[in-house]
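Structure first, then comments.
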Amino acid sequence: MNKFLWQIRVYYEDTDSGGVVYHSIYLNFMERARTEWLRSLGFEQDELIQKHDVVFAVRNLAIEYHLPARFNDSLVVSTEVVGVKQASLLFNQTITNAVTSEVLCSGSVRVASLSAQRFKPSAIPVGLREIIIKGN
Amino acid sequence: MNKFLWQIRVYYEDTDSGGVVYHSIYLNFMERARTEWLRSLGFEQDELIQKHDVVFAVRNLAIEYHLPARFNDSLVVSTEVVGVKQASLLFNQTITNAVTSEVLCSGSVRVASLSAQRFKPSAIPVGLREIIIKGN
Amino acid sequence: MNKFLWQIRVYYEDTDSGGVVYHSIYLNFMERARTEWLRSLGFEQDELIQKHDVVFAVRNLAIEYHLPARFNDSLVVSTEVVGVKQASLLFNQTITNAVTSEVLCSGSVRVASLSAQRFKPSAIPVGLREIIIKGN
Amino acid sequence: MNKFLWQIRVYYEDTDSGGVVYHSIYLNFMERARTEWLRSLGFEQDELIQKHDVVFAVRNLAIEYHLPARFNDSLVVSTEVVGVKQASLLFNQTITNAVTSEVLCSGSVRVASLSAQRFKPSAIPVGLREIIIKGN
């Protein structure tokens, strides 16, 4: 299985007054990584909307928070496709401290492929689906 | 001149690891207050888009940060229209600690009326413009 | 079982270019509601930090996204304690459209009680724990 | 005068339902760029806090919004120091579309040097101040 790695820096905007990254921000980091994974396969999401009427939306997720990330930390988000259906993808993702290699946060995220117009389930474009399956 | 007051609570999501509200979040608070001011005049922004093809967008702003707001603080945002043009509104806004009455943040924000379709300047709907002018 | 209800308005800041509330923002809404639930029991989190050295942090969560919330929607967040341990609480939370009563998002969130100083598990203050158990 | 350039990608989290980057997010982008500029000079802000008890906080700002950034855009933030005082720095910053070179947003930001402990003005550490002045 291929894991796509994407590096992210923690800025002030990501932290809260507890001194750590705010818990919902890890979801943003995971989505940035999924976007960059898609780009690494040659697919831009704005083109998927315009050419294929396809938009991806999170359907469900389960996250474990192990250790906090802090201001200025350098993080690595790992993204792995563990399931491909007609109109959804299942990802396993982890966020690791790039210096200590400690796993800070891990989880699974199911992303649905929707018609951008109707916001209803819509098959993943064939070309993309084939590349994802090959990539694994 | 009428000042519209809107109360906002500071949650963890609004703070940063400096222990205070992150500086860009005050702009969000000011926009929430402008939205509620518009609602208090009887105008819903989703209806303005659908019925009048009008969306408001910030054109420029100048903000002074006086004192920090902190987690759990109760704030009051004051909103006052100080200028009405064909396709823009000028607001003075301040954010005050609801308990101590200290002014934490103050500034002026110019908001342009745009066509939601074309994202180009478009006159403020007459009915709304009249109510704003009367309201002052 | 008591459910605590808290109303939240969707502002522009909460939405994304898909036209809907961004998926991580629902976690913020749920935390706002847990904060207000705690306040409704007579406990302020800044006092819990200062007097009891206790801070709450999300330990894990599982969320299902059913239907999108949109700009200007009025939402109701329901919060219910379904488990009380020595140093953690388990919540079931749902987010409902206040007008249509459709459930948009639901999930469970485990929150750990930590020492604010050491960021390690620390028993929930007895007074608070008793009130939570009675409240259920 | 040296201008420090920093590239930023627009993700869904940055956009709003108007289809464009939410206006307060440009302030986040500008702060990310100031953080990276400081890093490029050899200064990490977490070390400045720990070793020098110094934290930077925005004192005031004035921003012009010229053209919207959109989902998936690649942006370049330019950062230039245009004033150095005992306990504050004045920056001019612009945000440009990396592909079209259109200036989307420009402004000036005054950042105060504060004691991290007391949150009161505190001189910029001499070593940093000299490097900033030389750098210009």
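As written, the chain order gives the labels A, B, C and D, with residue 1 at the start of each chain.
Note that in this section a contact is a pair of C-beta atoms (placed from the backbone, for glycine too) under 8 Å apart; a residue touches a chain by one contact, two chains touch by 3 or more.
What you see is a predicted model, and the numbers here were worked out from it, not measured in a lab.
Set side by side, the interfaces B-D and C-D show unequal numbers of C-beta pairs in contact, with more at B-D.
Homomeric contact subunit B/subunit C: same residue numbering on both sides for over half of the interface positions.
Distance from subunit D peaks, on a Cα-centroid basis, for C. Per-chain CA centroids place subunit B at a distance of 27 Å from subunit C. Here the spacing of subunit B and subunit D, counted between their Cα centres, is 24 Å. As a whole-number value, the distance joining the C-alpha centres of subunit C and subunit D reads 33 Å. Multi-chain contact residues of subunit D (touching two or more other chains) are listed as 12-13, 18, 20, 24, 28, 31, 70-71. Taken as a graph of touching chains, this assembly is fully connected, with contact between every pair of chains.
The touching residues of subunit A, when paired with subunit B in their complex, are 12-13, 15-20, 22, 24, 70-71. Considering their complex, residues 18, 20, 23-25, 27-28, 31, 55, 57-65, 68, 116, 119 of subunit C touch subunit A. The part of subunit A that touches subunit D in the complex is made up of residues 9, 11-13, 28, 31-32, 35, 44-46, 70-72.
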